[in-house]
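Attaching a single structure in structure tokens format; questions to follow.
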Amino acid sequence: MALLEVENITKRFGGLVAVRDLSLTVDKGEIVALIGPNGAGKTTAFNVIAGYYKADAGKVVYDGVDITRLHPHQICNLGLVRTFQVVRPFRGINVLDNVMVGAFARTNNNKVAQAKAEEVLDFLGMGEEVKRMASGLPIASRKRLEIARALATEPKAILLDETMAGLRPIETDEVIAMVRKMSQSGIAILLVEHVMKVVMSLADRVLVLHHGEKIAEGTPNEVVQDPQVIDAYLGETNVAN
Amino acid sequence: MSSKKSTQTTQEIAKQASGTLYQKIVHFLFGSWESTQLTFSFLLVILMAVFPFFTKSPYWLGIVVLSAVYAYIGISWNIVSGLTGQLLIAHIIFIALGGYTTIVLLNTYSVSPWIGLLVGGVVAALAGVVIAFITLRYGLKMDYFALFTIALLVALRTLFLKWDYVGGAVGMWVRLKNPSFIKMVFNDKAPYLYIALLLLVIGIIIQYLIYRSKTGKFFIAIREDEDAAAALGVNTPWYKTLSVVIGAAMAGIGGGFYMMYVTFIDPTGVFNLGMNVEIVMAGPIIGGLGSLLGPILGALVNKPIAELVRGYLSEGTSGISLIVYGSFLVTSIMFMPRGLAGLLHNLYQKLSKPVSER
Amino acid sequence: MTPEIFFQTIVNGLFTGGIYALVSIGLTMIYGVMVIVNFAHGEFLMLGIYTAFWAFTLFGMDPYLTAPLAMVLIGGLGALMQRGLVHRVLDAHPLNMIVLLVGVSTLMIGLAQFFFSAEPRSIHVSYETAVLSALGLRFSIPRLVAFVSSMFLAGSLYLFLQYTRVGKAIRAVSQSREAAQLMGINVNAMYMLTFAIGTGVTAVAGTLLAPNYRMIPTMGSAYSVIAFVIVVLGTMGNFVGAFVGGLIIGVVETFAGFYLGGDVKIIASMFIFILILLFKPSGLFGRKRT
């Protein structure tokens, strides 16, 4: 059984079906990418998996536990954490305190949490910025902070929501390296992405969503050559890039 | 000579092992902005404590007593609204409940207010649980939350106006004439001051301990971004309730003491938004909502200035206090959103940069 | 309760409701366009009634003639407040706005107490006890005039919002700030205008109340609270909702006053308020939350 199993989830908003009958799995150390044109339902799917939206049908099983009806904080405490597409740092406090909030998911002890936070920040190359106020960070650092906070909760699975949006190529490379490191340490990663370079270089498997339904699944190379996928993207991202 | 005034990472702590006694003391007191705030808080307490030795004027002593009480109550509100960001507009409800409990217990059952205060705290805490539960269960946020608490205030005022057991519209007086320690009745103002300062010291310590703990970090996370906090494992309903309960309990105790000091309580006077502005909100807002020092600094600026202004402009003209408090609120929000403590923080940061940097 | 008393209570309730409707329309407009709850709203009513007081006391002006003056004067004050204060805090944390408005409210009450004295004031016009008897009921003339005036003003405002260019611009801003801007609407000007109208209309409600009313600087808060109830009940931002809600609450409160007594009748509105906040916060005209 895979670490994260999403079974036939459906989510409606009024008359609109945002996600229909979606199933996917992500296993330890795997990187699975969820792609699709704008409005395909990727972030909605994320929100359902992470507990922000209630699924209208289907279930989400994580580590053997049915988490479909759980609250986001309960899901996080079980080891499944998410980041946000538009990063949400705790602006009024510094970087270290931000990450400590995540670290406190696993401990009640101040010193332990602080040590963990420092360790994670070092891992992500932010060791020098621990005392900076989160509000003063440039976008690339804020993205890193977002990941750092999530990592500090010692997750076994992470949902990364369009982490690369708005980054320069060199910053994208850095984040790619970080994600690879995380995956190598055994964390299961499900990411939503628009930037195809990231998908091609990172993903073990790719799922393509279109109008809320899965239209293709396979390795990056397989998916990229799938005529249905090309069709769906026509006029959107340049798939061959 | 100055020691490096920076906050502590694990590496830095190791570096501090050496240094002269003076350096160690300065570092202990002012090494971080948190400890600096704490130091100043206690300095202000000491200032208030020695006040009776410099003047016997009951008028000025009274102002200091009220400043101390307002500071303590300000801390209780700061925990709910400053740290956790829940804009509890009618915090005065807890003060009222604590006050009524204490006076009823004293007048009707001859229970010592020392115990009555604590019972008042419990009653207020229970009200806090109910309010928190309702607002969480029904998802009342921000404006709706504020409106709900105002509605509660009005409803409670009406109920208490009609409830003869607590004196109805007439209110209740503290029923003893002779001074008595056990009944918390004193002729002189100084004992009241020291009790108020005792409460304040306890409040400062509680606030600081919370601030430094996991609970405090979670409170702040909720204030900054509730959804992000939940995504990181923070049980937001639990912590939001906890903050309200702590704030309510503290306010209940403060309310009990405040009523013992002013010796009178009535629904119109206590379930009153103007009182809420004066006692609860003005201090922390001008001092700096969300900071450690803000509530105390603010109360000590607020009350004395309001009294001074009232004294200088003609006697018996009403409205001066309201004008002062209202202006404080407006100017704080417009020009100093982080309050006086925020300004001091900026100063602190400038002073703690090594001379080579900027 | 006899049929006669029943209908009389309804009439009195509608009369009260007319005033409530005006105040609430002002509040809901401000919310609809700027998404802020004007916690100082009742104070503008208070200023309106005091305007009537001074106009009458100093110049012998009849309160009903003062109404347009109050609308312009106090509405202008509201516009200034919006431009100078509210506007600068608009994009900050909502806490700041609430505290600002509470501060403004406190300041206004304090100033009123200082300049007008905290002692109750009233003005007495010659027709204040005049009564029209018709249909077996008694209609107090001042209250009847107030009711008709408020209906007229509410109706005019509705037509203004629906059919004039400026009115449509205001409604556009309430639907989408960005879209309105893209269409060339001066959003900042619309904000000011909305505030001016919202507070001005409330001030008019104040002048309509003036005859024989016991005025004190703190009288505004009760109207603020009632307006909050009505605006939430009628769905925040909804003009018709505020209007209808105002009449409903006026009637409910008057009936409550009959059965429970004058000083406790507010509890009926509070009860309704709490129920709405808990069970249908989107109001009578709102949609259910997802």
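A, B and C are the chain letters, set down in written order, and residue numbers restart from 1 in every chain.
Definition applied: contacts are C-beta pairs under 8 Å (C-beta built on N, C-alpha and C of every residue); 3 or more make two chains touch, one makes a residue touch a chain.
All of these numbers come straight from a predicted model, not from anything done at the bench.
S.K.: If I average the Cα coordinates per chain and compare with the overall Cα mean, which chain comes out closest?
M.R.: Taking the mean of C-alpha atoms per chain, the most central one is B.
S.K.: Which chain lies the greatest distance away from chain A when centres are computed from Cα atoms alone?
M.R.: Centroid comparison gives C as the farthest chain from chain A.
S.K.: More contacting C-beta pairs: B-C or A-B?
M.R.: B-C
S.K.: If you average the CA atoms of chain A and of chain C, how many Å lie between those two points?
M.R.: Those two chain centres are 49 Å apart.
S.K.: Determine the centre-to-centre distance between chain A and chain B, using the mean Cα coordinates as centres, and give it in whole Å.
M.R.: Roughly 41 Å, centre to centre.
S.K.: Centroid of chain B to centroid of chain C, CA atoms only: how many Å?
M.R.: Their C-alpha centroids are separated by 34 Å.
S.K.: For a test of understanding, state which residues of chain A touch chain B in their complex under the given definition.
M.R.: Per the stated touch rule, the residues are 50, 52, 71-74, 76-77, 81-84, 88-93, 96-97, 100-102, 104-105, 108, 110, 113-115, 118, 130-131, 149-150, 153.
S.K.: Show which residues of chain B lie in contact with chain C when the two form their complex.
M.R.: Listed in rising order, the residues of chain B that touch chain C are 81, 85, 87, 89, 134, 138-140, 142-144, 146-148, 150-152, 154-155, 158-159, 161-162, 273-274, 277, 281, 285, 289, 317-330, 332-334, 337.
S.K.: Considering the complex alone, what residue numbers of chain C touch chain B?
M.R.: 36-37, 39, 85, 88-89, 92, 94-96, 98-100, 102-115, 117-118, 217-218, 221, 225, 228-229, 232, 263-264, 266-267, 270-271, 273-274, 277-279, 281, 289
S.K.: Chain A touches which residues of chain B in the complex?
M.R.: Contact set of chain B toward chain A: 6-7, 9-10, 212-214, 217-218, 220-221, 223-225, 227-236, 290.
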